[in-house]
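Two complexes come next, and they have one chain in common, chain A, joined by chain B in the first and chain C in the second.
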Partner chain A sequence: MRVLTQSQLNEWLDDLATRLRLVAPVDVQGRLLYRPVRDHEAIAWGYERSDMSPKTWTFPATEAIVTIEQGSETQINDAPPPDPTVIFGVRPCDARAALAIDALFLEKEPRDGRYAELRDATTLIGLACPEMWDSCFCTVVGGLPNGTDGLDMLLTELEGREHGQSYAVQVLSAKGERLLAGVTVQDRDVALPEPKLTEGLPTLSPSSEWKAAFDDVYWQRLGDRCLACRACTFVCPTCRCFDVRDEVASRRPGHTVFERLRAWDACTSAPYRRIAGGHNPRPTPQSRLRNRFYCKFMYYPDDFGPLGCVGCGRCIDTCPVSIDILEVISDVARLAARESAEVRA
Partner chain B sequence: MSSQQEQIREAARAYLEGGVVSVVIGYEHGPKGQVRPAFVYEAGDVDRLIWSRECNQNLTTYLHSFKHSPRRGAPVPRVAVVVRACDARAVNLLLHEQQIERDNIKVIGVVCGDREARGQERQACRYCQEREPVIYDTLVEPEAPVKLSETPDDYADILEMEEWAPQERLAYWLTEFDRCIRCYACRQACPGCYCFECVAEQVDPHWSSIAVELPEKFFFHVMRAFHLAGRCVGCDACEAVCPMDIPLSKLNRKLAKEVEDLFGYRTGDDPAALPPLATFNPEERLPL
Partner chain C sequence: MSKVYTNPMKPELATVRGVRDLATGIKLLQVTLDDAAAMTRFVYEPGQFAEVSAFGVGESPFGIASTTARSEVIEFAVNRVGTVTQALHRLDVGDKVGVRGPLGNGFPLDEFKGRNVVVLGGGIGGAPLRPVIQSILDNRGDYGKLSIFWSARNPDLMVFTDEYEEWRQSPDTELHLTVDNATPGWEHSEGLITTLVEGVAPSADSAVTITCGPPIMIKFAMLSLQKLGFASAQNWVTLEAKMKCGIGKCGRCNLGDQFICLDGPVFRFDRVEQLLESFV
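And now, the complex of A and B:
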């Protein structure tokens, strides 16, 4: 297997950073965020899971998808082509999340052209997790701490550091192969370390069981606590709802520039579902919070295939009132068991 | 005397059994031992309620969820809420602003113990000189005597910030706001933020762009701070819920200090005092 020593990896990253945009986890005043870096020294080595997912680079929080210039004549410009970008240190859950978003934007018509451009321009270099950390539950939703889905390359830190830290390299796509071309690597016989898995996690109910639990008073009670903010959806690597609005970017006599902005939106907030005339079909935090979970475990998999959750656990750690998606998964399994017992009786 | 937790449970049980309220808002432990808000509807469930020095959320923000009639013709629900001294001033704020009716709420006021430990974790607790909440129906007394802070808030951090040059201050805040993800957790956790439609989200007129970028973040936080001038109770709930650790209490404290200096007014202290920014007094002359 191909192996990179830490110094070979550093050199390679430094070289990549000169040729294209290198994005990696960075400590930004105590928060771990994916930010462009100039060299390997800016990277927060030894990080666990970032606070925001690398989704911010393939599905930016804000983007002008079209610019409209109105002067003596009207000109419509698409967004400029994105810079070629390599994201280093992607955790396997976040790569699976990118695949989940692809299912909506790329695999169903109409295809989202801008998202396709960003995805094409981006190469994902994964870094396997040695263990499942607190709040991690990737195994509940079909992932693994060392999973390769969605990555162009996966690095695994090797145990036995007699030669200093080194990384086993699994190349997983032609994009990954191209990126590694010409890089000095060693060829060693190494065994990949097994990640430590968390025991005793609940089992995810199939979508039919979620359906049966839809009208339970449970959702009312759970939503009592919800503050209806947007934190859970914004830290989520899989949430992909957005709002689009045409806004004036600049104006001078006879010449106006409009931007068609796309920005993240969140189903948990009140204006998300508000429609013309002011009516809101999901008027309460309860109905909106329930929608968030049903989207992840029923609507999205039923309509597009993948689950809308990869088990990163960010929402668990971020929710200011401790709404815990793993607790919800256990509770729904319990509700479904009670429901079927009642049916049998 | 029984523990504060026991007293809270007793009060909740009495309110629910007597049909005085339909729900009690307090604190409970989540599955990982974390403290979180709890809504108890049945007297048999009151043992879920807990009290510890980690009970730091301002639960009065949830009073907005119960201030309207749930269905046409149905009465406005009656609610009991567990409050600390700072939260109690938020109850006064909401009464003052006619958001809630006194008859519809029962206030379980807790005298916070463990001041030193609390103060190490939260700035709001460090200088707190309040023992009893300013408004309560049931008072939850501590088992041991409470040692209050002897020194009032000296606003040392704010005075220091005021020394900075305007460009330095701007640079500081832009760096802090840069991390903001515009999740609005600060606004949602705040009992004083209850507009039906927030300026930051209003569609017509469209005051603020939907972009999650620095100008919008800056606009949002500065606008929110101004809207809370003379209304913020200093509970620090906004800062506590921020997923990006933005020091929001500094903004609020700056404006609270201005209002105290100009009007000698602290939010919610005296339910009869008129809030300065909601009062027009033709005699008033500001020392400008």
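And now, the complex of A and C:
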């Protein structure tokens, strides 16, 4: 298997950073974020899970999707092509989240060309998780701490004194192969270490069981706690709802440039589903919070294939009122069991 | 070799060809796409919608109020209720807008052939129904009796009033008007559209109904039609939402696992009833 020592990896990353945009986990005043780095020294080595996922680079929080130029004539222009970007240190759950968003933007017609452009310009180098950390539950939603789905390459830190500080390299796509071309690697006979999995996690109910729990008073009680702060959505690597609006980019006499912005939106906000004239078919925090969970575990997989959750656990850590998606998963399983017991009785 | 990335969120540049008042606070905006090939491709069915941009403000979805058969321009009825519609109301002939569409599905008018058609329009909800009415009138022999129930909160808000005479004159066609609040000079019914429909009591035999209006009107119209013997599978509705993309991506318009923009906006009502979430 190909192996990179830490110094070989550092050299390679430093070289990549001179040729294209290298993005990696960085400690930004105590928050772990994916940011462009100039060399390997800027990387927060030894990090666990980042506070925000690298989604910000393939589906930016705010992005101009077209520009509109109004002068003597009006012109609508495409956004400039994105810079080639390599994201280093992507956790396997976040790579699966990118695949979930791909299912909607790329596989479901019409294909979103702007998103495709960003995805094509981005290479994902994963770093396997040695264990599931607090609030991680990737195994509940079909992932693994060392999963390869959605990655162009996966590095796994090798254990044991004989390896020193080094990484096993799994190349997973042509993009990954191109990136590694010409890089000095060692060829060693190594066994990949098995990650430590958290035991005793709940089992996710199939979408039919979610359907049965839809009208349960449970959602009322859970939603009573929701502050509609939308933090869960903004830290989520799979949430993809967006708003569209225009803003002035520049203005001089007789000439204005507007940017049409695509910006992250959240189904938990009150105005989200409101229609012209003021009617809101999802009028309560309870109905909006329920929609968030149903989107993830029923609508999204039914409509597009993948689940709308990869078990990263960020929303659990972020929610100010301790609404816990993993608890919701086990509560729905319990509700479904109760329901079927009632049917039998 | 570089790949071509088609951005479905990029609007076509369009020019305003005409603006006229339809009702208080409601204007009819007539546009053509600047690119002749794009205009040729812009073929639409009654019931479909488009996203119209007021540059610098944003985009909003509007049911297309014209038919390809009758109109060389694309028409939108714009009710001034928010920032985009306010900006669109300020436009004049020659001004530029953006148009993306046609989007969503249309009414299956071919399926309705040979049957009596009952149309229920509430307020600005009349806009996407006008092309239905026009298409039936233009192919009058293909359909049975056409009963139009048309309503608004008050007489000033009735849309397409200058076309009522044409509708009435068409063979086997009746037009029933009502307003919630009559004003002096109003010669038609006063009261809710549901009362009017139940009073006239169109037959459910070999009939389909088409309803567009505010959600609360649709809800009660469906109950009235049920009383008259219409099965849910005979009733078609068109639903609305503030779709940001109109192409099933932005998430704004989901009704359970359905997207109003992609799976609708036209739905057979029994399908709406089966959804996990209520449209009201």
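Just so it is clear, the second predicted complex is superposed on the first by the 342 of 345 C-alpha atoms of A that agree within 3 Å, B and C clash if a C-alpha of one lies under 4 Å from a C-alpha of the other, contacts with A are read in each partner's own complex, and residues count from 1 in each chain.
Quick note on the criterion: a contact is a pair of C-beta atoms (placed from the backbone, for glycine too) under 8 Å apart; a residue touches a chain by one contact, two chains touch by 3 or more.
Note that the structure is a prediction, hence the values are computed from the model and not measured.
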item: Joint occupancy of chain A by chain B and chain C, clash or fit; value: fit
item: Which of chain B and chain C A:Asp78 touches, first, second, both or neither; value: second
item: Partner chain(s) touched by A:Cys295 [first = chain B, second = chain C, both, neither]; value: second
item: Which of chain B and chain C A:Lys211 touches, first, second, both or neither; value: second
item: Partner chain in contact with A:Met52 - chain B first, chain C second, else both or neither; value: first
item: Contacts of A:Ala231 with chain B and chain C, given as first, second, both or neither; value: first
item: Contacts of A:Ala337 with chain B and chain C, given as first, second, both or neither; value: neither
item: Chain B or chain C, by number of chain A residues touched; value: C
item: Angle, in degrees and to the nearest 10, that opens at chain A between the C-alpha centres of chain B and chain C; value: 80
item: First (chain B), second (chain C), both or neither touched by A:Asp243; value: both
item: Which of chain B and chain C A:Glu327 touches, first, second, both or neither; value: first
item: Nearest-approach distance, in Å, of chain C Cα atoms to those of chain B in the combined model; value: 5
item: On chain A, positions contacted by chain B and by chain C; value: 243, 245, 265
item: Residue ranges of chain C touching chain A (in the complex, touch as defined); value: 3-11, 13, 53, 55-60, 79, 81-82, 85, 96, 98, 214-216, 240-242, 244-245, 247-252, 254-257, 276-280
item: Parts of chain A lying in touch with chain B, wherever the complex brings them together; value: 28-31, 33, 51-52, 61-62, 221, 224-225, 227-231, 234-235, 243, 245, 247, 261, 263-266, 269, 271, 285, 318, 320-322, 324, 326-327
item: Residues of chain B touching chain A in the complex; value: 30-32, 34-39, 41, 57, 61-62, 65, 175-176, 179, 181-185, 187-189, 197, 201, 203, 206, 209-213, 240-241, 243-245
item: Complex contacts: residues of chain A adjacent to chain C; value: 65-66, 68, 70, 74-76, 78-79, 104-105, 108, 110-114, 116-117, 120, 211, 214, 240-246, 248, 256, 258, 260, 262, 265, 267, 272-277, 279, 281-282, 291, 294-295, 298-299, 302-303
